[in-house]
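Next come two complexes built around chain A: one with chain B, the other with chain C.
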Partner chain A sequence: MFRGIIDLKSLWPIAAIFIVLLILPPILPRFYTYILALIFVTSLLAMSLNLVLGHGMIFQFHHGVFYGVGAYTAALMLAKSSLPMWVGFVAGPLMAAVVGLIIGWFCVRLTRLYFGMLQISLGSLIWAIVFRWYSFTGGDDGIHGIPMPPLISSLNNAYYFILIILVICLVALYLILKSPFGSTLEAIRDNPQRCEAVGVNVRRHQLMAIVISTFFAGIAGVLFVVLERSVFPDLLFWVLSLEIFIMCLLGGWFTFAGPILGAAIMVALRTFIGIFTEYWTLILGVILILLIFFLPEGVMGYFLEGFKPHAKEVAERRGE
Partner chain B sequence: MLQVEAVDKSFGDFMAVCQANLSVGRGELVAVIGPNGAGKTTLFNLITGQLWPDRGEIIFGGEDISGLPSYQICKRGIARSFQIVNIFPRLTIFGNVQVAVLSQQRRSSNLFLPAQNLAVEETKSILESVGLSDKATHIAGSLSHGDQKILEIAIALGNEPELLILDEPTAGMSPEETAATLELIKNLASSKGLTILFCEHDMDVVFSIAQSIMVMHQGRTLVQGNPEEVKGNKKVQEAYLGGE
Partner chain C sequence: MEFGLAALASQLVVGLSRAMILFIVCAGLSFVLGVLRVPNVAHGSLYMIGAFSAYGIAMRLFGGSSAGFWLALILAPFVVALVSLIAERALFCHLYEREHLMLLLFTFALMLIFGDLVKIIWGAEYRSVSPPALLRGSVSMFGASIPRYNLFLLIIGPLVAIGLWLFTNKTKIGKISRAAAVDREMVSVIGINVSWVFAAAFVIGCYLAGLGGALVAPTVSVTLGMDHTIIIEAFLIVTIGGLGNMWGALVGSLIFGVTHSFGVLLWPQFAIVFPYAAVVIVLFLRPRGLLKSVW
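Then we have the complex of A and B:
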């Protein structure tokens, strides 16, 4: 199943990073372990968006909704039902995918910007329900002190749980992108009309991509609950959706791992600049302006471009 | 095999195609000619479902296919190339053709097998047959215009069509490229037994290879017949060949 798509040489640095991440928690102060785990959760969230955004050019403007739905579903089931806990963990992503299917079913009828606008409207509807329905969702107070299985109740154990799930999800996302489904999705990104002409049902394919992407967003939502043990309506607010969007652009939306880098940068900025000023978005704004002018392919895209063996060749041919 | 009967298509007040008739028999090499704006590309778009006709019937394999979405028409065995280069610029040449082959094999939605190990033989043999094998790993957007036009045809071949529609396959090509492309089209028609419908500006090209020619003028079909009949037709001479 991995034949030919994983280069053993490029696996070494990844394995090294993974091992470092495994031995860090006992050494690090609690706060940094928490920040790392938050970066993992956010990375998965950004990666799930980038499946449709960078690889499918589907303008999923309100991705946060699916994150929030995943988180709320898990939180409600853990806090308010007596079902076994794993049911809540599984229900989160499934519920997110169902909502993704419903919203996506309407949205794929439109393209590009109109897709995004409709999604913001439908997503905001869900936000409004969560925000207002005090008796069920806790309204703007959210839900706090959600019980966790003892195995993952300590911060370090939660960290390991999140890391392992993240790795599994990244492998799955990688395989999906390298599959016929993924390459067809990238072909749709490049030229939907031509794709239709070679016999691909473009809308159905895009809808399938949205469902997969929202499923992974739901997993990220569940991991957020594992880490924070609370949920609040901001998880579904459009501001967060915009941040996820920026993470993808910042990291490099045409690369596989770019969104991870974007998520790390965003979480770090919010945390460390947020200590000094509540106007950390001001710094973010400046960074974004610089990015648009100097690194249009994102941070990861910029560095990968330099290593591409054929980059020079292509440039030469363009020059003739 | 393909019958277009009294098809109309208007954009606002403008009748782009009006009472167009066309008949393509199995194994034939049929050309559509006509001056710019005669409605040739619109007619092709109607046949392959990029546009839907206002009136009239398009019969393929005994069934009316007008109004079907283009992906379904493709699945029924009509593949096409486009006049203005219409490829996947960020994918490799190989990837461009493979998308079509995977779609043909109904594997586009397969999630958990690496695509690069699938449909490799089929894709390679198509690239071989059009002469692009040595550039298989190049990014399509970086190719010369002539090669991109050839890639257009290669993508269409990926669907193993019964009927191949080529919209001005030699547009913008140098004379040498044009000659090579014609040779390629003739080869495809004979070696794969393909039925080919194409449109073309270059009259020499059309009269040298087409078995049947349909002449369009202002959206209407003037006549369809073999090259001799078309040359001798009065209406064609008046409207198109300038009354030579």
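Then we have the complex of A and C:
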């Protein structure tokens, strides 16, 4: 079934990176292991957004909400219920997908910017509830010291757990994009009217893409809890959503792996500039502006020249 | 849940005066959105710069005197306008040909930079600005005591609306920018330098953000992070009002401000939920906003 979908030759560098990532934790200082794990979590989050953004041209402006819902669901289950721990891990993504279904159901009636704005208002509702409901969600303090199963309680084990889940999710996302569903989604992105004319139910496909993407965002949220053992309302705040959006644009949203690169750049810049100066956002802003001026197609787009014509073509069509 | 006329009246005034601030900020955002077609994420940061500049001028330079406040109210928006003019001419104007999402990315970068510049210049402490002697204290109306400053805001808001209406309908540059909002190619064909029209529109929009910031300074504690709260509210207001429509910004601001203040009366803990719920309802009933959008 994978033949024709996955090119074996291009698999080698990916396998090499995977092996390097597998042997790194015992060698690296703890801090770097943590940063790598954080990059993995953020990558999955950005990838999940790009399924709808880059491949579906759906302006999911408040993606952070689903990440936060996944994280909060898992955290509440782990910290406040006596259910087996795996229930929390499963409930996180499912809850995110349910919220994605509800919000998506309202939003797919609108297009583009209006879609995004309705989503921001619905998402802000959820944020406001989480932010103020002190007795249940801990309000603006969040929840800290969430218990973890012993198997993944050490940092290195958490790292491996996150890495393996990330790889599984990336393969799943890749297969979804290469499936007939993925092709239909990209066809809708390129020309919604024509798709409607040939009998594709545009809204249902978009809604399904949103549910899938929010499910993966929920997984990212659970992984965040595994890594940090705490949750706080900033996970659902729109600033984070905007950052994820920026990661996709920065890495190159017309490429499959671009968002990973965007996430890695953002997390790494923030962490390493943060070590040297308190004013890291200033430097991040300057670097972003330099990138906009000198790498207009996104970082990944710059390296993959082959994608350039396609990206431009789509951009032109959008600009109509 | 019992509340008398007094509580109702005082909350209404608080909501309306908040709506006036929101309107001034949103009118600027909407103007930029209409003419340049750019969702300026840095608009909230300019509002914050306006508030901090007002603090710097009124409290630092003039030690909190009344004259200092009035001077700050006049000068702070110009500081913001100057900052935006520099950003526009140095960087932004080279990007207009790019994709819109890249422009969004650019304004996000500006937001990051402005946020830290404010932190470098004014520090991370909470600041407060005292209103001038004339506007201190409160008057009693309907059995409620209403701060004079809020009444002042209720006067300023409509004045700004009238001024903006006169500007966009009666002046040449206003008319050109409205034309550019509808059909920018046509405007450039008849020999108008669209780049400068954009610069003017951007600076005017940012001036309004600065004015909103300077006006809000005496009513809140001026602090980092006020940019994040305002910008999301502003975007939602502009959307429910109709993108690029100034009167839509006014209607949206009134809805947002008043639902919030009544939320405080009804269920204080979840007061911030009410305006968002109002936005959801409006967008659900009228997806393209209440008034006509220029997009």
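FYI, the second predicted complex is superposed on the first by the 304 of 320 C-alpha atoms of A that agree within 3 Å, B and C clash if a C-alpha of one lies under 4 Å from a C-alpha of the other, contacts with A are read in each partner's own complex, and residues count from 1 in each chain.
By definition in this document, a contact is a pair of C-beta atoms (placed from the backbone, for glycine too) under 8 Å apart; a residue touches a chain by one contact, two chains touch by 3 or more.
Everything quoted here is computed from the prediction, not taken from an experiment.
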item	value
Clash or fit, chain B versus chain C on superposed chain A	fit
First (chain B), second (chain C), both or neither touched by A:268	neither
Touching partner for A:194 - first (chain B), second (chain C), both, neither	first
Touched partner set for A:87, first chain B, second chain C, both or neither	neither
Partner chain in contact with A:181 - chain B first, chain C second, else both or neither	first
First (chain B), second (chain C), both or neither touched by A:246	second
Partner chain(s) touched by A:208 [first = chain B, second = chain C, both, neither]	first
Closest Cα approach, chain C to chain B, once both complexes are overlaid on chain A (Å)	15
Residues on chain A lying within both footprints (that of chain B and that of chain C)	318
Residues on chain B engaged by chain A in the complex (per definition of touch)	48, 50, 69-71, 74-75, 79-80, 82, 86-91, 95-96, 98-100, 102-104, 107-118, 137-139, 142, 155-156, 158-159
Residues of chain C that touch chain A when the two form their complex	39, 41, 91, 94-95, 98-99, 101-102, 104-106, 108-113, 115-117, 119-120, 228, 232, 235-236, 239, 243, 269-270, 272-273, 276-277, 279-280, 283-284, 287-288, 295
Residue ranges of chain A touching chain C (in the complex, touch as defined)	106, 109-110, 113-114, 117-118, 120-122, 124-125, 128-129, 131-133, 237-239, 242, 246, 249-250, 278-282, 284-286, 288-289, 292-293, 296, 315, 318-319
Contact footprint of chain B on chain A as seen in their complex	1-5, 175-176, 178-184, 186-187, 189-191, 193-202, 205, 208, 212, 254, 310, 314, 317-318
